[in-house]
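All chains are identified by letter, namely A, B, C, D, E and F, in their written order; residue positions are counted from 1 within each chain.
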Amino acid sequence: MARIITFGEIMLRLQPENYLRFFQSDRMEATFGGGEANVAVSLANFEEPVAFVSKLPAHDIGQAAVNSLRYFGVDTSLITRGGDRVGIYYNEKGASQRPSKVIYDRAHSAIAEAVAADFDWDRIFTGAEWFHFTGITPALGQNVAAICLQACQKAKEKGLTVSCDLNYRKNLWSQTEAGQVMARLLPYVDVLIANEEDADKVFGIRAGATDVDSGELNKAGYIDVARQLAQRFGCQTVAITLRTSLSASDNNWAAMLYTAEEAYFSREYAVRIVDRVGGGDSFGAGLIYASLHQYEPQRRLEFAVAASCLKHSIAGDYNRVSVKEVENLAQGSGSGRIQR
Amino acid sequence: MARIITFGEIMLRLQPENYLRFFQSDRMEATFGGGEANVAVSLANFEEPVAFVSKLPAHDIGQAAVNSLRYFGVDTSLITRGGDRVGIYYNEKGASQRPSKVIYDRAHSAIAEAVAADFDWDRIFTGAEWFHFTGITPALGQNVAAICLQACQKAKEKGLTVSCDLNYRKNLWSQTEAGQVMARLLPYVDVLIANEEDADKVFGIRAGATDVDSGELNKAGYIDVARQLAQRFGCQTVAITLRTSLSASDNNWAAMLYTAEEAYFSREYAVRIVDRVGGGDSFGAGLIYASLHQYEPQRRLEFAVAASCLKHSIAGDYNRVSVKEVENLAQGSGSGRIQR
Amino acid sequence: MARIITFGEIMLRLQPENYLRFFQSDRMEATFGGGEANVAVSLANFEEPVAFVSKLPAHDIGQAAVNSLRYFGVDTSLITRGGDRVGIYYNEKGASQRPSKVIYDRAHSAIAEAVAADFDWDRIFTGAEWFHFTGITPALGQNVAAICLQACQKAKEKGLTVSCDLNYRKNLWSQTEAGQVMARLLPYVDVLIANEEDADKVFGIRAGATDVDSGELNKAGYIDVARQLAQRFGCQTVAITLRTSLSASDNNWAAMLYTAEEAYFSREYAVRIVDRVGGGDSFGAGLIYASLHQYEPQRRLEFAVAASCLKHSIAGDYNRVSVKEVENLAQGSGSGRIQR
Amino acid sequence: MARIITFGEIMLRLQPENYLRFFQSDRMEATFGGGEANVAVSLANFEEPVAFVSKLPAHDIGQAAVNSLRYFGVDTSLITRGGDRVGIYYNEKGASQRPSKVIYDRAHSAIAEAVAADFDWDRIFTGAEWFHFTGITPALGQNVAAICLQACQKAKEKGLTVSCDLNYRKNLWSQTEAGQVMARLLPYVDVLIANEEDADKVFGIRAGATDVDSGELNKAGYIDVARQLAQRFGCQTVAITLRTSLSASDNNWAAMLYTAEEAYFSREYAVRIVDRVGGGDSFGAGLIYASLHQYEPQRRLEFAVAASCLKHSIAGDYNRVSVKEVENLAQGSGSGRIQR
Amino acid sequence: MARIITFGEIMLRLQPENYLRFFQSDRMEATFGGGEANVAVSLANFEEPVAFVSKLPAHDIGQAAVNSLRYFGVDTSLITRGGDRVGIYYNEKGASQRPSKVIYDRAHSAIAEAVAADFDWDRIFTGAEWFHFTGITPALGQNVAAICLQACQKAKEKGLTVSCDLNYRKNLWSQTEAGQVMARLLPYVDVLIANEEDADKVFGIRAGATDVDSGELNKAGYIDVARQLAQRFGCQTVAITLRTSLSASDNNWAAMLYTAEEAYFSREYAVRIVDRVGGGDSFGAGLIYASLHQYEPQRRLEFAVAASCLKHSIAGDYNRVSVKEVENLAQGSGSGRIQR
Amino acid sequence: MARIITFGEIMLRLQPENYLRFFQSDRMEATFGGGEANVAVSLANFEEPVAFVSKLPAHDIGQAAVNSLRYFGVDTSLITRGGDRVGIYYNEKGASQRPSKVIYDRAHSAIAEAVAADFDWDRIFTGAEWFHFTGITPALGQNVAAICLQACQKAKEKGLTVSCDLNYRKNLWSQTEAGQVMARLLPYVDVLIANEEDADKVFGIRAGATDVDSGELNKAGYIDVARQLAQRFGCQTVAITLRTSLSASDNNWAAMLYTAEEAYFSREYAVRIVDRVGGGDSFGAGLIYASLHQYEPQRRLEFAVAASCLKHSIAGDYNRVSVKEVENLAQGSGSGRIQR
């Protein structure tokens, strides 16, 4: 029985090889991923019993999405099968000054057209301790937002901890819509993950003058944003991820954890990027793992940041690292010496 | 200015490498194709001025579809840009007793959601001599069927020859719908291409007991089917392609031409299949080329069959052969000796 | 809980791409496979609850073998983790007159060095109905032969049906050793799968003059061999696979089923080979499936032969086909027409 | 009708994959490129009507070169077909301290053996506004140098703006030869692109002590070189590209524009190199675009530098970027944040 | 010290992957090959001491050609280094009715521009027993034809057996030129390999009406051709290869040996082609090996035919088979059963 | 006859493509390498006559290992053929904070099970001047350690210079075993290569507080370690390589040479890593080359460091660089400008 339930969309990810632009060759890498699926895979790799809940077509493409999760030991038995299509995102990896580029083709996917009857949350949550979703899921449509709300209500009713990664996607909904829907969901959320930019866009919460591109850490500002989020929605814990984008090839990566009215700042990693998609998801998975294992706040944060730091070195949406590898980094030097 | 206009959908074709099943590896060949686009490329390779008309999104995936046509010299200036998505078909190549498998994800494509105002047929047909479409295009939706009808009317009005490949696709519409819509379009068609099975499914036209899988050529029956089609819709010429599927790896391939109340049968080729998608389209292109160049009926037919025979040896939807290569086969031995 | 248990070795399979000879390029396909693992995957693809039992190292290579099974839904929770290495086989695919070539590097693998305490058969067989192994497993070493015997005894004790594929491998043991060990195991076996050549090599059972390469089906001879096997070891059912090797590219494939003193012969397929490794295993899986679903003998046999016919068109050890695909072939024409 | 005409050689570029040395594997990337062809493709991607003029064999390799240009919408109708071979360059990509390595096999190519009668400049320039060539074209042989001179004369006669990228190639001709020939061509040139090293090698023009490898920008020196070039040949505008090679993986990239006796210096980009071939050509294309669109000098320069900065992140000779992408960089932060 | 010397050109072979047409993708297989180099590699794989003599540039492409031979143990110490380019041939593999296509770009290669002083035949032949060349080598230019003649004279002077594969290439010289030059060389040749078509084209030797494409073996005719060749030039042995091209995918392959006025016909193989380039060369190598090992005529012929039969199943120019593999086929059934 | 003899194990190296984790795709790069084989290839690329001595199975995998060396001109005639398996190492390339990971599967390889009679050192060393091995070879087993000792004794007896790279591998033996065995071998060693960490682990030799990860060069400390090594074992020369691991993507690389009681420090290179495996081996090869060519100590050291700096930019174990390329770096700027 799964200890953790994540709910959302899993998409086919089509990406040119290496640093090629779209269709520069006629081959694509065809893998799967999506915020909550990524969190599930991370947790499975941490050897946590985890189930991913979604709706997928019964055909071979839908099955391949299921298999990609089963490969890691994610419980896929709660996925509803039906609908016509698997959502797609085309991903072009950036380099140096050329940014990565994402084209979504996810409308009309099975999950986007799901109905309430597709999910029996009472059964789904049986035996579970934690429920996780992101702001992308309710953005898929009003139907899915309603399903999300039902899930949140049932989760609280059954005593699960609920976590949410705010994740605003401007191509799915407007800031206003996002603000309204998320404001209805967040009261059920115990652990909120966000970045400063999304807090502003979705809720208009901001803190003094911060230049998103400058990379200057404004500690007081981050604490202020977290405090506002915690207070407005009653979240126990707010985590803010801190990405400084130097170029498409190099980022700095750190995070802040605000819990019990205390703020903790992690070590900052200078990452040479292999694939930054799923960076935030791997942070969420790390945070869930460390929370379930009762890590102290600072260690909890360092675990989550180290997990997501490693994700940046791994191709694809999924974070393929073990607890031991994360701990080695969180507690070690990050010097990348060979492990023989 | 294009001499020939083809109108329809161009899709992204996602195919596993070699004989792998879907997602047996996480790489896909990502090329483009679609009935009328295939005909256009064939004709461009025969050095005919040809334009492909469709609607494609303005984004990079739409542009890649355009570029794939431009590569061969197809005129793409008449393509309307707009809409959200490029239709997709997943293609798994069969082998031996394992059949090829196609999964369509083409609903909601730009062309499927096109409106009449997207196409100015008067302008499109300026200077053109021939208009070609297939039964797939009107099957995309009632809107597209209506556009097709407008195109046919305008084409006849401006004196173009109109050809149509019947091409029934059961996943797009029912036999009844197909029968009704195609019956409205065929009166405008001068040259009709079909196979026995589709004639039956769409119009209930059949001729005695023929086993589709048996491969036994039933000459009288084919003539009868062609005659019925010609008479019911007033088509000048009816071509019937004759595929005998021995396995997914080996087919026999031939065709019949019925014109001016005479029937002509081509040589039959035993083809070792590299890729049979687009086989019918390459036949159509060959027929158009040979018609425009006033070939005698038997030579016209042999050219079309040789062109499509060669297509079976070429990967992808597009037929990458020159007139010279087709003539060499149509007039030669087909022994496949090296050309140095 | 798994309905079927298979027990044996899963190896890393290293194979040059396409028809390249060993190290003709410096890339290898690196997949997993092995007789009993292949049977498990086939059954999982038939949506049967199936578990594969073996021993695999705890490191990443061992884990990858586990994951390759989990991908298809095979229950891997009964695999013992430990030992040093994953066995390897290098596989070079033949073509035309050039035979396929296999080089084994499987000595000292985790399963080959397993001990009795590694497997708790009582627990493993809880809830199961069927136990399957092949003649390769006891050939891995006297320790493994002894474990096999324990498994067979416990299986019978708990009322499972036991099946065995004779599968003689001359590089693992001598004919004499094989004969002695297999003679101790077969009395526990209800369903025996063999080919004529192995029956002769392992037990000296043969039937008149049959030329293995000639392809001439000698029906009476096959029946005689099956009858002798059934009588000597008390097997309820004996299946004989009938491969006629025309070349490395083309084989004919059929089988005979001898049960309740009746013999049944299947349809024969002319197969254009994509990958013939695992052909016998896919036959075994088909037979188990059809037996568990109480198919009549002729239909049972046709299902097994169709399943293994399709396997020859699929790359890798694993048979990636559904029940529906097998039934389509078993009941259809095998003409390989496109499934849209 | 093309607004811009470029003239030169397009070659087959053979390159090992990734960072492999020549023939470290037996696969090569086989693309096309060459100074003036690269400029044409860049301009086509900026949606400028542009034609590339050259001579290419009628065979499939020549046709593939044509198609590679057509793909982007470059007008190839002015290319003369004939001759025997397509020139080749073998390109090995460097990394860290290991420099890139180029081996030319371009002698005897169709364009190198072209004659004056192959090009009707009067017709070619009809309707055009701009003519571009590089110092590589006249270096292909005295015949081609003579053709270049005719083109320049006709271009001026017809009122086109003429641009030239000095581009000295020591393996094609000596400094003396280059100096003599280029001195005859430059008087026709309005916009000259050069770097400090080539100005010195071809014309002996230099400015104080500058260490090419040091990367220290010597502003006064660059201005002095540009002024000398402008004065000696009467060029209206001189652009100097400023590359600081830190290693084969990292370069700094900037440029200076000297026009109307004023000097402008661009922002400097620290580029992580994906492929630096064609970096100068993409600068030239940017400059032509910005000039034709009457950008102010500083913006003109920034556009050209941003275009070429992006080129360094794109594999192959061709710069696959849109005007919008260039403007985003020229006006933005270059932080490489994902574009969803 | 090498027992066998072969002399000729080794080229870079550029080939699209699988059955793609030229530039259908932008990757090429880049390997090396050429008639006499192929013979040398075959013989090295038979563990014969063999040296390949040629001229190759000192640069990395030339070195890669050398290394490709060294890999197999061919002695490359007698290759002269110098000149500018390695000859190239573009090879597109045919399938079914689509023939293979070869485009040569070999003019001006190092060996084509070699001079007599590049080769010290006295030193080269020291310790050797056999000298082999093909009709391609003298076709490279009058200079190379003259070098060939010197080699032949020196070989006879030093008592070597001389073999020649007639191999007419129409794109290198006319039938008349070939006839004149070859007539001067053949008197030095002991063992001549030819096919019926080349005997006719080069020397006008033919035997009754034979349809090259029909595949009907005309035994008397072949014997007549061989006898004429043997008599006109005094060759001890004439071998005629007999290819029946059914399609680009399927050929029948056999040969005839005429020696000491007796004719021997080999078994005929139905080959499913992986790569037929080098088929004749592998026959030559087999004949040389079997001759040096004093095989009886029939066995000599069967060895050569089996060796070349296997070549058709191997990608690239080089025949990668051992003596044991050839003997297994020559003496076995050719049924392609797995070798474990 | 080889001037230099190296002795050790050559393994099959299996590595996922690019930065993929183990089995993230089902393709592997399959190349060969191993400390002493790598040194031999480097020296062959420096055009030194060098032989590699080992034991390898007679089968195709063993042969491929031999061929991989022959390709570069390494003399493989002294390799003993026999035994069952080629050792394997699985190599996963790290990136950024994720370290590279090596899994060995080398037990029971042919060389690990070699016996004294497999090597006739008297014959092997005939004509040789230098003998090289690493600390990995004696770690393969007591049998191999004993063979190593015999080789060392015979080498000294015949007047060869002996070099050894200390190379401690904790998965092959304990520090105590290593210390005991290496202490018996080092008295025969003239040139010892080590790093500070191994000196400590094997012999407990250290010098003050140095943080291996910090990268702070502690010059006095290194000199002290070298002096202790030289004094304890009587080595003429001790070289200490100085790697500062900033991350798996970036290292600093330098070395110290201690000879005739003088210490020399090289320039330090900031390397962007393509493949760091074999970095130490390429240093050893550079040192041997420079020593044999009597370079002065500082130049000797700079040559070795430049050679190994370049190795980091080359995929695979083998250092594919020429003397000229090394000298260009050792004497140049390392700015990585294109070599045309």
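For the reader, a short list of remarks on this structure follows.
Here is the rule we use: a residue touches a chain if its C-beta (ideal position, glycine included) is under 8 Å from a C-beta of that chain, and two chains touch if they have at least 3 such contacts.
Keep in mind that what you see is a predicted model, and the values were worked out from it rather than measured.
A rotation of 180° superposes the C-alpha trace of chain C on that of chain F, rounded to the nearest 5. Counted by residue number, the contact pairs of A-B are over half the same as those of C-F, the matching pair from C-F, A-D or E-F.
Of the two chain pairs shown, C-D and D-E, the one joined by more C-beta contacts is D-E.
Interface of chain B with chain D: the two copies contact each other largely through the same residue positions, with over half of all numbers used appearing on both sides. With centres defined by CA atoms alone, the chain at the far end from chain C is D. Rounded to a whole number, the gap between the C-alpha centres of chain B and chain F is 62 angstrom.
Centroids of chain A and chain F (each the mean of its C-alpha atoms) stand 44 Å apart. Residue positions of chain A touching 2 or more other chains, listed in rising order: 18, 21, 26-27, 67-68, 101. Against chain D, the residues of chain F that register as touching in their complex are 18, 269-274, 306, 309-310, 312-316, 320-321, 325, 329, 333-340. Residues of chain E that touch chain A in their complex: 25-27. Within the complex, the chain D residues that touch chain E are 14, 21-23, 26-31, 59-61, 64, 67-68, 84-86, 88, 90, 92, 101, 103, 105, 107-108. Note for the complex: chain E touches chain F at residues 67-68, 70-73.
Per the touch definition, chain B reaches chain C in the complex via residues 18-21, 24, 94-102, 104, 169-171, 213, 245-250, 276.
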